[in-house]
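Chain nomenclature is as follows: A, B, C and D, assigned in order of appearance, with residue numbering initiated at 1 for each chain independently.
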């Protein structure tokens, strides 16, 4: 069996999540490749070496370009801050290697468009880390919707809120800068936009309000120095889907009490379903003829779940959604699957986010195709 | 102690709810009046008599004008279909008698405005049946908000959905006619608009989408005859509050699985609260410093609850919210209270609903003061 | 139509709950009698008069025997402390008048047995206030069980816990005295025993543990004087039903966080149902073939609910369970119904509670028929 | 750094769960050893080889004794059917190698006692797979209890129910044979007994009822051949803790609707906590002074969670509990930790289960020390 050499750039939260996923995927699935953890890069070369040893990568680099050039590396995974996605992905594409990039795809629509075009022209497989979509129970939701099990879909109410910036003393970071694709909409909301598109298809028009509630934050934790903040703390929007469905959209990183509240309700002419990422193994479902909402628990009847457990109710964790994403990535690299979010889909999410910002700025409905 | 003679018009669902409330209020509260169930009117005079006997009213009328004219009647309660609110309320005001009218106040803004002006000029006490606001746990929510317990309020997400029209075979009724103030927005959404104003104050601007999903319905249950439907089955909107808070609003009578889902989340810079009318005795509350959301159960520490039970967790029912509303009404008639929704407040709700319809029609933000 | 004159003894929490119920029942149901609130008695004759006026009773008595003797009184409702149930009920039976007595039936098994025999011999209609059983959604649970909708019933797990005595500074009251039928088992647990019998039939054998955790309490709130406490603060038991089902039983008045947690799960060979009085309008139900538990909301399809509301999800309150109980009582007095807990059934509950105490004392299984 | 060679026996559900855990643990934690996946054994040597390749083990064996003898193997993990635990563990102990054995420890108390004594005498580190105890939120529960945060603990209500045998057509397996430690009590209930001991300490006396509801099952799925079943389908018990706390215990594999319902409530004189394995990242907590139960979501403030995610609410899965267990195992092997269930603790669980069976058989309270 052919080997697939993995090159991972970045050693933060997402770097380790990728490392765990690449380690797990061979044990959870039969793969068309033998995976090889070929190389790990971090700008801090000592950290790169330490993590490489702990996570089982053969080689460590301080310079990401050298990782991309390494012939043992056949696939590039990018988990660095947002502004580095563009140069790294473009270099990987130039090297003709598949790219697996964390979201958001880039820090602006121009970059994202260029990345999509370059990958398309080079014929390189791409995937972007919208890992929540790989949840088996989300797969069930999508199958229900697509099979007509809920009838014609007529409404969507979605929200992705957390509270990690709710404290005004939470300091400035690159997530607070527009030129780094900061703000609640980019950081959290883009996951929900991707999910909405994944489940219900294209969104044609949006109207929106965005707000910066805390207009300055300490430069670092506890610092006296304050930095001005201009990115959105929260956003509310109306969505018009190409299918005719309509809905609302909210995202905030100031909403006290929520830790990972990517949630939505979708209703059709024959039923309603509801999901909350804070209970990622459950779906609330009502279909015509039921007496009340059912609470479904994920189990091995759902594709993906069985890879981790033969027993229902045993629950997958966040990291296993990442493993499922990596599985789809590897199948795509092998030419055996089309699932997952590629650069084209990710670009569509960026376009939507851009349309929402424009609609808020201009206080009017914006046709997404205008953007 | 003075007597207060109650005259009730209408014997449907709401008529009986009023009758129960007027019967209960004396046992639950010490009142400044002795209540007398003086008269009951229904266009069907036989039904009027039957219900009067069962519900304990002294007199029955087939003609509502005679009820209004009856000198033993000191307060007029109106529970008829929406298009009759205007003539009945105007007659009551002309007779100088307090008016307690079911919502929506009228079938259009012109009527509602005229009703408010007439009552104001005549100095007549008025109340409108936004009974959900009288829930003791809603009172707690409002007190928390007004005392700053949640900090500065920054967001509102509200929805009032039911499924009683979800079946396309559910027949046409006057609720399906715009000139009778039909549609999900008027029927359900107005409750949520009233609640939003009650908790967070004036709304200045709205943007909205409305939809008619089922464009025809049987004239009566099972009938072959189809009637065209033009009122909204569902509505989604963005709200901008005068306070600076922003939010989303949804209402539908097509949303499968929901029976009385008047629900909202309100978040501020120091906490979040959430409520669902389907669990009317509970509040979910998170305040800075908590580890997670608390589920509060209503108890006798809340004003109003103790009138019905000295024990927490014993739960009030829908009809008791009506009794609480009637209590506030009677206190207002006695000049001892200002709580509750009067015609001025109810007119503001009608103005909001009108602004939402206009925003949807014109696909733009509408300043509510324009309307 | 004949009149039925109601005589109510007691003006506390339960007195008022009865008064509200007798006032409501005529408006909620078509009755075979015209109800007349004939007389109200309280040892404090001034309070008796004040409450009589507020609640609409024609006559007030300081002496309960005079109420029983009043020829306008045709039915005696008893809401006094437990030790008075016996003399009052015996006097009512002697007068040949139907008795509606709060639970527990009496302060010991001897009294309860004598009351049952006297009523049986006199042919007097009796009912005891196990009002939780009159909840329409409990009726649905029972119908499901009796129709075989859950298959053969194999297990019961029940608990009735509150926290109103959890604070060791909560003072002594008559509820802390064994000779007044005090303790968590009598006060709370008896409701759950009644419910278990109502749903699953006779219990044949029990094994149990009881505990007094706080062995002394202040004589009154804040007092330095301490009284010794010997009644149970909590009880745990095993139950063997005549049907073959087995189960567990717990009751406590020390369980922090719970306010009215009368809860149970019943499972059979074809399904499981679960209920919690803290959400009295809901049932969780799983039947073979479902994907997960359904949450049912009470609605007008359930007998009883429709008497109060034509709309599902609008929710009944605690007091309306009492009205439903009074309705069954009146139907029984008219010879038109057999529903509800009569003295014979209530005696069986007392016998069970006695068996549980004996099993705990002797640390062995007790056959209920031994007691 | 020293290497630790892992030898894993068994390739079923639990075999793979172990493999995933041994692969993950190095990436999640800094370990005192370099782990080496040295060898994998399965009676089916072809399957052994296939799994070894997929899961990254260097060597495959068809004969487990050879794995134990392999000098590269320093730790033996046993995931075979219950009756093989004894010979495998005894061989590993004889070889002086640490043993990590799935639960239950053995198929009877004699074996379990012998295993414990042999390990103790040999000074070999042992651990048994009571993985649910390694949940970080369970760690929080235990810390709360041990720090006195709930006051003196007075009650425990626990249940572990699933429905995988609820269908009478579910076929016989070795889990249905007493001599293989079959039955709901051994299969599920032992987890709950271990949890109760982990949180609240020793249990001194028990009283119990067990039942076999389906007395025969098909020999294999769909087979006409029926086998007689004598093991318990469900068990109910009373527990008396050495601490003075009392409680109830239930376990069933027939309870429709439940998939992994290891659940309990623990109450003390200052609070109550509740947990359900079907929502393994949550704890419901009430402490004196709160207004209602809080729902806590696991986050990186909890030891263990942070090894997998820096973000609260992201949720661990079942397999990560196994990784946490393996981490504790490795720390123990290094002499750096004492956490986890060793053979002594596991023997105490077996003794309890034996006492419960005896109490049920003899229908009396059993002192656990008698057994």
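Operating definition for what follows: contacts are C-beta pairs under 8 Å (C-beta built on N, C-alpha and C of every residue); 3 or more make two chains touch, one makes a residue touch a chain.
Predicted model only: the values in this text are computed from it and were never measured.
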**OP:** Go through the assembly and pull out the chains touching chain B as well as chain D.
**Re:** A, C
Original post:
By mean C-alpha coordinates, which chain is most distant from chain D?
Top reply: B
Subject >> Averaged-CA centre spacing for the pair chain D and chain C, given as whole angstrom >> reply: 42
**OP:** Starting from the mean Cα coordinates of chain A and chain C, work out the distance between those two points in Å.
**Re:** 55
Subject >> Between chain B and chain C, centroid-to-centroid distance (C-alpha), Å >> reply: 35
Subject >> Shared-contact residues (touching 2 or more other chains) in chain A >> reply: 258, 290, 292-293, 297
Subject >> chain B residues touching chain A - in the complex, by the definition given at the top >> reply: 152, 154-155, 157, 159, 166-168, 207-209, 211, 213, 233-234, 236-238, 240, 246-250, 252, 254-258, 267-272, 286-288, 290, 292-293, 363-365
Subject >> Residues on chain D engaged by chain A in the complex (per definition of touch) >> reply: 13, 16-17, 19-20, 23-24, 26-28, 30, 54-56, 162, 164, 258-261, 277-280, 297, 299, 308-320
**OP:** Spell out the residues on chain A that touch chain C in their complex, using ranges where they run on.
**Re:** 285, 290-297
